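So, here come the structures, one by one.
Look for chain A in each of the two complexes below; its partner is chain B in the first and chain C in the second.
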Partner chain A sequence: MKIAYALLGLILLYIYVSIISLLFSGIDRKLVARMQRRIGPPILQPFYDFLKLMSKETIIPSTANFMFKAAPVLMLATVIALLAYTPVGFPPLFATKGDIIVFIYLLTLADFFLILGIISSGNPYGRIGAAREVAMLVSREPAMMLGVFAVMWGISKLNVEKPFSLSSLYEHNIWELGPMAWIAAVVLIYVFLAWLASEIEVGFFNIPEAEEEIAEGTLVEYSGRYLGIIKLAESIKEFIAASLVVAVLFPWQLNMSGIEGYILNLVIHTLKVFVVLLVSKTIFRTVTGRLRITQAINVLWTRVFAASVVGALLLAMGVML
Partner chain B sequence: MIRLPLLPTVIKNLFKRPATNPFPKTEPVPTPEGFRGKIVYNVEKCVGCRMCVTVCPAGVFIYLPEIRKVTLWTGRCVFCKQCVDVCPTGALQMSDEFLLASYDKYDGKFIYLTPEEAEEIKKKQEELKKAKKKSQ
Partner chain C sequence: MTWLPFIIIIPLFGAFSMPIVSLLKGKAKEIWATIISLATLIVGIEVFREVWTGGTIVYALGSETPFGKANFPIRIVWEVDKFGAIMVLIITFVSFLAILYSIEYMKHDTGLEKYYTLILILELGMLGIAITGDIFNFYVFLEIMSIASYALVAFRNDTWEGIEAGIKYMFVGSLASSFVLLGIALLYGQYGTLTIGYLALKMSQNPTIVAKVALALFLGGLLFKSGAAPVHMWLADAHPAAPSSISAMLSGLVIKIGGIYAIARVVFSMFLPAVNLATVGWIVIIFACITLIVGNAMAVVQEDMKRLLAYSSVGQIGYILLGLGIGMVAYGSRVGEIALAGAIYHTVNHAIMKALLFLVAGAVLHELGTRNLNELSGLARTMPKTTFAFLIGAAAIVGMPPLNGFASKWLIYESSALFNPIIGAIAIIGTAFCTAAYIRVLFTFFGRPSEKVMKAKDPGIAMLLPMMILVIAIIGMGLFPWQISDKFMIPAARTLWDIANYVASLMGGG
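Up next is the complex of A and B:
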């Protein structure tokens, strides 16, 4: 019975998140346009784009193997499965001890499916994009993992029900760990915003899809329905990644019981996700250009990961002392 | 430390009005004085001196010796205005019209003096000649 309810919740959450994440990308495009003194497309433009892509002819290259067709579907499936482990204002639907591992695993798996689809297309431009995507993936995740694990370890010292679960973030949070942890939290805000920007590949990190550099990179060969699926999966992934940032750093919620409590918390969470995406995506991609792949990886290891180590050590000191 | 010199400009821009002209809803940006739009050809004024045929770099004009006029297909026009400058009678003029998109490259708005019109002019000229002969 409980599983049936969780499944129903997952379906509703999927519908909600796909609408909201497409809406966010519409608002993002509008805001970027206004920052450049343009009018911009209507806010519902991503929905029209999605419907158009779904109705377009889908072209499969003659050099592609079957993973080319399977990868977008698997990517979307992974992202939907990931929604069950995403904290969206209330604890994740399938929260258990240590589910953060599943979360990180599924988050990277979605990118791996995309890469797999690209290298199955047989287009060398796509392969260059895929190689860059892998390099970015390897460089950006350790910083996030270290930050998340440090925060969860700190929280688990405060007697939570399920240690190392994303639901523990709603029982205690990083700001309760004392003044030392506040400094660590500020460092981690920087780390997580940088990670978010590199996860959704905007601003400095818009490298694998670099249109001007390697002809669309990862998405060269995809068209029609598969492109629509990939775009949808990517914008849901954007929402999920921002949800993680919100849950780790700003998990303040209202204490309300009942179904309206869940809905209210979901709305508050959505607003916080919007603010995080506004800073890390919209403004960041308007004011900065792209780095080269070597520079980006250098930044991710020497600036972001180093800051993450510093933040984790400060947090550990704050908890120990 | 990263510098973001664009940030203040971008934030300021966010609170300004868009600096664009939403064309189909409004009038297009007004054309300046001496704008070179579509050619307007006045058949009555034409004396058939063939200067425009000589000077046109794009081959828009075809001379019709029978009626001593030119016919022109502006689909090829490069809007250089040389025919207008060289025309002794002012039969060719530049207009302000620039919204010239069409589904058909042989659309009526690109062609002056169609073969049928040429026939009519030919008949009229012959009638005139006959009248003159009779009066003499």
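Up next is the complex of A and C:
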């Protein structure tokens, strides 16, 4: 019975997040246009794009193999499964002890499927994009993992019900750990915003797709339905990644019971996600250009990961002392 | 009545009748070998069930009890506990699939009656090691297994690499076996008995320096057989040179039964009362850490597909040895139990997934005639089923959650992190290398099809069927990881630790 409710919740959450995340990318495009003194597309533009892509003819390259067709579906499936482990204002639907590992795994797996699909097209541009994507993937995740594990370890010292679960973020949070942890938290805000920007690949980190340089790189061969699915999955993933940032750093929610409590908390969470994405995506991509891949990797290891180490050590000291 | 003797009788009968059966022309020898190995599989399942419902089986050859008129065992005994039963099951399973696979894979070769005789003898030798409770009998079966595998590695004796790898393997392998024999001779001279359980009893009463020297000789010989790091070089040559069905058995079974199982059995069931287990454990852990890093790191740089898989086997043996070593040092604690259960679980899982990967490599070799990874670009286009099997196998060996490799590696990570965080970090580094190696192969397979690859196609049903059975086994076991671990692997680890029960069931029952 509980599983049936959780599944129902997952379906509703999936519908909600699909709509909200596409809506946000509409708002994002509008805001970017306004920042550059353009009128920009209507806010519902991503929905029209999606519908159009779904109705277009899908072309399969002659060099493609079975993964080319399977990868977008697998990617979307992974992202939907990931929603069950995402904190969205209330604890994740399938929260268990240690589910943070599942979360990180599925988040990476979605990218991995995309990469597999891209190289399966046989297009050399796609291959370059995929190689860059892998390099970015390997460079950006350690900073996030270290930050998340440090915060969760700190929280688990405060007697939570399920240690190292994303649900524990709603029992206690990083700001309760004392003044040393506040400094750590400020460092981690920087780390997480940078990670989010590299995860959704905007601004400095818009390298694998790099429209002008390598002709759309990763998505060069995808068209029609598959492109629509990938775009949808990517925007849901954007929402999920931002949700993680919100849950780790700004988890304040209203303490209200009943079904309206869940809905209200979901709305509050969505607003916080919008704010985080506004900073990390909209503004960042308007004011910065793209780095070269070597520079981006350098930035991720020397600036972001190093900051993450500093943040984690400060946090550990704050908890221990 | 117990099914146990038939586990030896049936393959022995099959092997010895093979020259006569092969006088019939046509497919008689293939069919005969398949029937024999299927019958062995059925007996293996029955033995497994028997042990799991009735506890340890003790079987004395030639009489009802191993004692005769004496008050100590004088006959050869076979003693199958839960760990042994797991090994029996996995040996018969993988051997059956390898023989089924050979029907199509080996059809271009000549001298097949010798091939099927040898492969049945190889299976027989491994089963003997798993069931025996007598140390000299163990040596005999170890040699049966080793000699059959020397011959099978060099089976394609018209190729230079087969002969080269066979000679290398035989020279060093014989040396390693002679260490084991020397160890046995020392133990017999000191304690006057060859039954494992009774030796343990004698050793506990009178631990001597001879026992320690014997243990050192055993460990030296058996680490060689398992392909641990400083002595893994034979493996990297033997696995690529052997026919792929043999590589699957060598990598999936031989290095585990002749190495891991034998070390676990000798240390836990024989030397446990006489030596300081922590020292032995740390020696094993050091070798394990070196093996982990060397094996996985060397796998990354390979260009030959089967060589890559061979080095990856070395790396995975490192994990199993790590679990085993922690199981020795942390004897009697919760951490040690998890580690040992993880080692046993990983032995089973790695047998299944490495068998699958070698069968896939064999299919590629069979269709394209090359093992060079640079020429195999875009294989997924023309051999989709084979590539899919490889994808599953590679994901399982890296340890991705919905597949079986996850749970076993998790147990090893968890226990090593609890035991000593540095060792846990080494295990993670090993996995990072392993991931890099397999991702590279996947990128090649899913890339742009090269001209050579365009002419290939999926192999026939006799080669695809074993691969698909292994894929189903990987996915199926992956769906119930903790149930398998709690129901089978942890009890097996406990019985392996429980030497009192091992000795008692030998001396009291039988």
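By definition in this document, the second predicted complex is superposed on the first by the 321 of 321 C-alpha atoms of A that agree within 3 Å, B and C clash if a C-alpha of one lies under 4 Å from a C-alpha of the other, contacts with A are read in each partner's own complex, and residues count from 1 in each chain.
Quick note on the criterion: a contact is a pair of C-beta atoms (placed from the backbone, for glycine too) under 8 Å apart; a residue touches a chain by one contact, two chains touch by 3 or more.
Everything numeric here is computed off the predicted structure, so don't read it as measured data.
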Joint occupancy of chain A by chain B and chain C, clash or fit: fit
Which of chain B and chain C A:Met67 touches, first, second, both or neither: second
First (chain B), second (chain C), both or neither touched by A:Met320: neither
Touched partner set for A:Gly122, first chain B, second chain C, both or neither: second
Touch count on chain A, higher of chain B and chain C: C
Chain B versus chain C as contact partner of A:Ile3, first or second or both or neither: neither
Which of chain B and chain C A:Arg38 touches, first, second, both or neither: first
Which superposed partner A:Leu254 touches (first chain B, second chain C, both, neither): neither
Gap in Å between nearest CA atoms once chain C and chain B share a frame through chain A: 32
Contact residues common to both interfaces of chain A (with chain B and with chain C): none
Complex contacts: residues of chain C adjacent to chain A: 378, 380-381, 384, 387-388, 400-401, 439, 442-443, 446-449
List of chain A residues in touch with chain C within their complex: 63-67, 102, 105, 109, 116, 119-120, 122-124, 127, 130, 134
Parts of chain B lying in touch with chain A, wherever the complex brings them together: 2, 4, 6-7, 10-11, 13-14, 16-20, 22
Chain B-facing residues of chain A, complex: 31, 33-40, 283, 286-288
